[in-house]
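Down below are the structures I want you to see.
In the two complexes below, chain A is the common chain; its partner is chain B in one and chain C in the other.
What follows is the complex of A and B.
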């Protein structure tokens, strides 16, 4: 395969080992062509990062490259001296890592960190290198690069630090860029902007890229070829479209079960004007987590609550369960005002509403076996007679497709995906009327994510379960919810039936969110779309909120009035509400 | 910014010192001690006793005593005038006595720190760069020794080995041979005063006489310094930014500088804290080697119930400690952009 004219780098028989353990990577063969973007994927622990670093001839402390060759141009990197390697690293092969904030030195200005790498490899003078740093910062979309160049890394947000790192990596115009999960800590809209920049740069400059990711959406949208690792070996090396068509489950189609929404039925859960702030320690200021939130959910209905991190989704969930006291507003559950229930009635409500948390390892006692963790709440709430308890939990596990053999094990022995399903089973054992799922899939690998969503969809049809699915992942919500509520900075900005929201979003924020969403389909790549709505900058601080529309600082459609007028959520069409005074106008603009 | 921070910290420090001085002043007067009979002897006549009590000012109610301490009386200017009072034992001004004893202690611990830091930092760095190497092994063996005895035992052991048995070090007779005339008092630090007087012979003699106390103190101080430097440097070398620097092809020289810079700030803090602690903490070493420093003076004053001297010593040590901490914080802020002031 090593077509030497076109190949930038090829690895042959590469093996890496940590101390005295069994090899982390064995016999890796791979080739990267000029200008090609290669996705490197595999479950966590499969050796992606180890391989990414090894391509630079580098290992983490304690590890060692035990075998193999890495041809870069005419050289075998592994046969070069340290000094010769220093020249190639950073100049010809550059790296971007997962945690940009700790990868930058905390005590030097970021501009200086870029310029000194440039100086080292391009032998330029200080002033020229500084100019280059500013030019690179501008290129990666940092506003006011002259000022930002003087910032220290702790003064930057994660998204900005990640851009600094890409500016640093690309400043020397490397032939190959290796990016190890570069967007894993970022919000979806920022992630999309960031990947766009990388993609465009690669196309413009002909830089080849190895993009390490677990996200099928990223593979489908940005990669030409995909290499999959399984336990330290290459298990697949195919084109991106082939990879997607062979290994992905297409779950992106929006589904509406059509249940619920009966006008004459009372909703199961009704939230009106919910508000929650948190005092900021040591000041008089508050963090506004949720503001004027209203929501209705009918029996049998599933609602998705989406928004970027910090938009207040989890706070809403915790207020519903009375894990938090709200500042204002009314929550009614099955006719009872949750603001006044207490004692036995509250206990009963807490049994009827169950929550599934983000991190399954946090929601189980690590010392208990799964059996004990499942039996305990059954006893406390006396859901079934003691003699039938064992049968009930086995039945419960079957419902989430988990084998009863896990009962004797402890949480740490189970994978996150299995344990999360057990958590759902445990919640369902309480025979709840309503389930809150707070980011149940965000800590899981994509495969586990699909399984959890399948389980939820099945439970919705089989048991008529009602749930609120909190997630920043639109794919999950699109496939498992009847209705979608979009939040931004503590406010609902748009809500309506899933199909309508996904196919005809109205609010500029929703549009951007959906535009930033990376479908697992190479035919609808984001980079090929022309009608994208992109937001500028990053989410404002929930402490000093804008006066007018909260989106005004980032909205491409904003007018002067938007800066001043507070927006209200108003009906756009039946069952579809939007918080944007220009909503009608925007639709007209589009039509004309 | 840094000036405002410094001023604010100084103001806070002043308040802290005021509270401290009030507390010390009244607490020592609550002790079930009778400084007057200490002064006149237990068999003194009631008249002599009353006279002495009056001359010490102890006949007044405590609050009035405090007023005198603060604002002085016919003879003295008091604390607001910068005077700490008159020692009951020697009759001379506490200011002057502290002026005499403090430099002695500062000289001793500064020299000890120079050696401890000079040895500890390279050894610590070597240990971090080459874990399990010679530096680490040496540190381990040294640690087993150093930890086994308290510092004063080491003083005695060193005297025994180097003076009594080997005879290669001077005896514990203070800072100079009793037969040598000390140089004129200028700074109070004998090495400096000797140089100022142009007496290199006295300078060398002082170093010679101070060698065992310095050896003892630096022996004890090196342990924590090596350990902390080693840990800081090891942690820094494991930091993501070092790995990333390597991946970006930065040359070794730059990487080493990066590591030291990041490891330096926390090391500075610990050294400063240790130094502050030693101002009062070198007492036992001072006693063993008959060096009349501040620690010795403090013990003597306490045993003699010399209230003005005790107050003076407490105030001096606290004020110095405070200034050292402030200096550390200012250095931190100048070095590390993450420290906001």
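What follows is the complex of A and C.
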């Protein structure tokens, strides 16, 4: 039934249903051409994962494919016997699941797992299969594949495990690869590396791909075509560029700094030489979370703190509120040294500095209603008289566009996006001068993310609020911050105005980070760029840090001196600091 | 979809669960209303010494007689060697055993949970010492230690309660502390701190209510053990003083008559212990399955 020889897989009238419920998927028609990368998207609960599995003839427990045909080549997959299907799965259609570590067997070397699959489906000998495994590991960009093939999964980093999974999936040269949110939970640079590998391998081997994702950046950068599901039906089946131009909610652009640059005023918050280490249990060693961190923030200003996981950015945020005691350094808030305040004075300062945490479900007492959670802090500080408290919290919810009907509910009954807005409302009830937002959008779906950022931007203009937005999501930072501070392994490596950092990054790490940023624009696809700076290898352990520049081991422009000399943050141009002794040199090289 | 399945599972309690709930309810009922239920004074000897219980076949007619008030109330479970009515004593003993077991558990929950919250939330040298002490206590054999403590302090029910609380508190301490350790790093604790709550306020309003669940489940299980321990102590002569009706001491006094063929003074309190302990154990198990993790 495949209407052109080019089609790898086509589904006709596919429906999936859980017993006695309305169909999860109804009447899905889709075709996938050879070598094509198709993005499968839709809000959570739209049935995209169900569809991805159904294409393999699989369903979750309790569900059933009630109708339809899936043509793969000449065969209808749904008419085949289990034995015949098993032969096709893994050989001709491969699957990459969400969590790479749990998808690999913990007791077998990764190379052996790849060769086993190859042997099963291609019927080759052991030595040939082993050779193939090493070849595949090399193909997905793993250094020293001969040695890595003998590694167990616990010896690999998350990003590397993810690449092993692609190698495993591609080892049998499948015609189709289905990847179910393969990069959720990965850092941006690792995500970019992974998707690059997948994209390149697909182009090289001609494997068609179905990529299930909610991220508009991924759709815009890596997909040829996008299929959007809405409540179990195909609502869109268009080219990636058309999809982006019709349905992206917002175009990302750096905000111009709306507030007058009052550099003459004293900063609202000033951090100097902040250092924080965590002792490593049972040893004398320490994990260095933050090292020589300096930062100043003026009233009304919004600053983005970016960096990958483990860069110490959340630790900085928590030190600012004295939720963690710093080892060294000075934090001054509105002229007051936070190092010396404690007790009642500390509680008064904390009223002026508030925090919004990453996981909204975890940041509310699960036993308390929203009303109680909001009233309680008001009572503590007696910000409003008790008779006006109820009106105040309703007002506070209105400010973040949340209906007052949530007051009687408990956290688990609300969606993550709404609950996070309630968390912002709770922080704002304290009438703070300064807000620390610790990855406020990382657990949210893209739509909710946009809403949160809109709320933040609006509050800034309405209340003149200043905030520090800690995030690994550069899109959020680009749209909601005046200034950006980039952290790597506990140090600030570059800071400056948002537009300057995004358009003219200087530090090699910033360049790599910005390069890994997936813009929601198919015209500036990452895979098409030629001036990419990619880092090599893995992030060093924060326990045994390099002597010289922390990036030296991964930096493509490193010289011998970089290995030995400790780097200092120095002024590159006005309001723009860089921690790289070769910064000036690199710019000259580029110019010439 | 999964939520529906879970709810269904929770709604239907098994037969076993109903039996457990039934037993516990009956035990509580008997403990509360025993003075109005028993036909004889449980501590006053009658002239009928070592009367065997009436044969089962005679029970319906005797029952009828009792209701219409014709003739003396029969000794349903017989009498012991001193002429005490076993039926009245077995019922009355429910009260003794339940009060001791409940009080001991309430006291140990109060002590154990508060110390658990303190030792989990505020970690310093004092709470560490407390923890080691409680570990040490837990390493003693419960029965022997309880026996020694009661022997030293004197055989009153207050002392028995105190000794048992002392031994059971570490269980609740451990349980609570484990919960607190998981809770203290949760974001909402940090949020509360940022919102200006005092440490004591956080411990009381956030930590305690969220950490107490497992202890309440354990409570039901431990009551069963406590009943067994109360009876055991009395059995070896370190429990409440006779003639206070108590299952353990009834078994002990009855045991001396066993060789003469008098099985009834020991059998009925024996059955009472087993059934009650079983009932509480089942209830604890159900609670754990429904609310525990």
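Remarks
Keep this in mind: the second predicted complex is superposed on the first by the 574 of 592 C-alpha atoms of A that agree within 3 Å, B and C clash if a C-alpha of one lies under 4 Å from a C-alpha of the other, contacts with A are read in each partner's own complex, and residues count from 1 in each chain.
Assume contacts are C-beta pairs under 8 Å (C-beta built on N, C-alpha and C of every residue); 3 or more make two chains touch, one makes a residue touch a chain.
As the structure is a computational prediction, the values presented were derived from the model and not from experiment.
Clash-free side-by-side placement of chain B and chain C is the outcome of superposition onto chain A. In the overlay built on the shared chain, the residue A:56 is in contact with chain B alone; chain C does not reach it.
Centred on chain A, the angle reaching out to chain B and chain C in the chain A superposition, using CA centres, is 40 degrees in steps of 10.
Legend: residue contacts after superposition of the two complexes on their common chain; A:188 is shown touching neither chain B nor chain C. Contacts of A:380 after superposition on the shared chain: chain C is touched, whereas chain B is not. Once the two complexes are overlaid on the shared chain, A:105 sits against chain B while remaining clear of chain C. When the two structures are aligned on the shared chain, A:430 is found in touch with chain C, with no touch to chain B.
By the touch criterion defined above, A:152 reaches chain B but does not reach chain C. Of the two partner chains, chain B is the only one touched by A:120; chain C is not.
Once the two complexes are overlaid on the shared chain, A:293 sits clear of chain B and of chain C alike.
Taking all C-alpha atoms of chain B against all those of chain C in the superposed arrangement, the shortest distance found is 11 Å. Within the complex, the chain C residues that touch chain A are 1, 186-188, 190-198, 201, 205-206, 209-210.
Those residues of chain B lying in contact with chain A across their complex are 238-241, 243-252, 254, 258, 261-262, 335-338. The touching residues of chain A, when paired with chain B in their complex, are 53, 56, 58, 60-61, 85-91, 94-95, 97, 99, 102-108, 116-117, 120-121, 152, 154, 168-169. On chain A, the positions that touch chain C within their shared complex are 18, 21, 62, 318, 321, 323, 347, 350-351, 353-355, 357-359, 362-367, 376-377, 380-381, 423, 426, 430.
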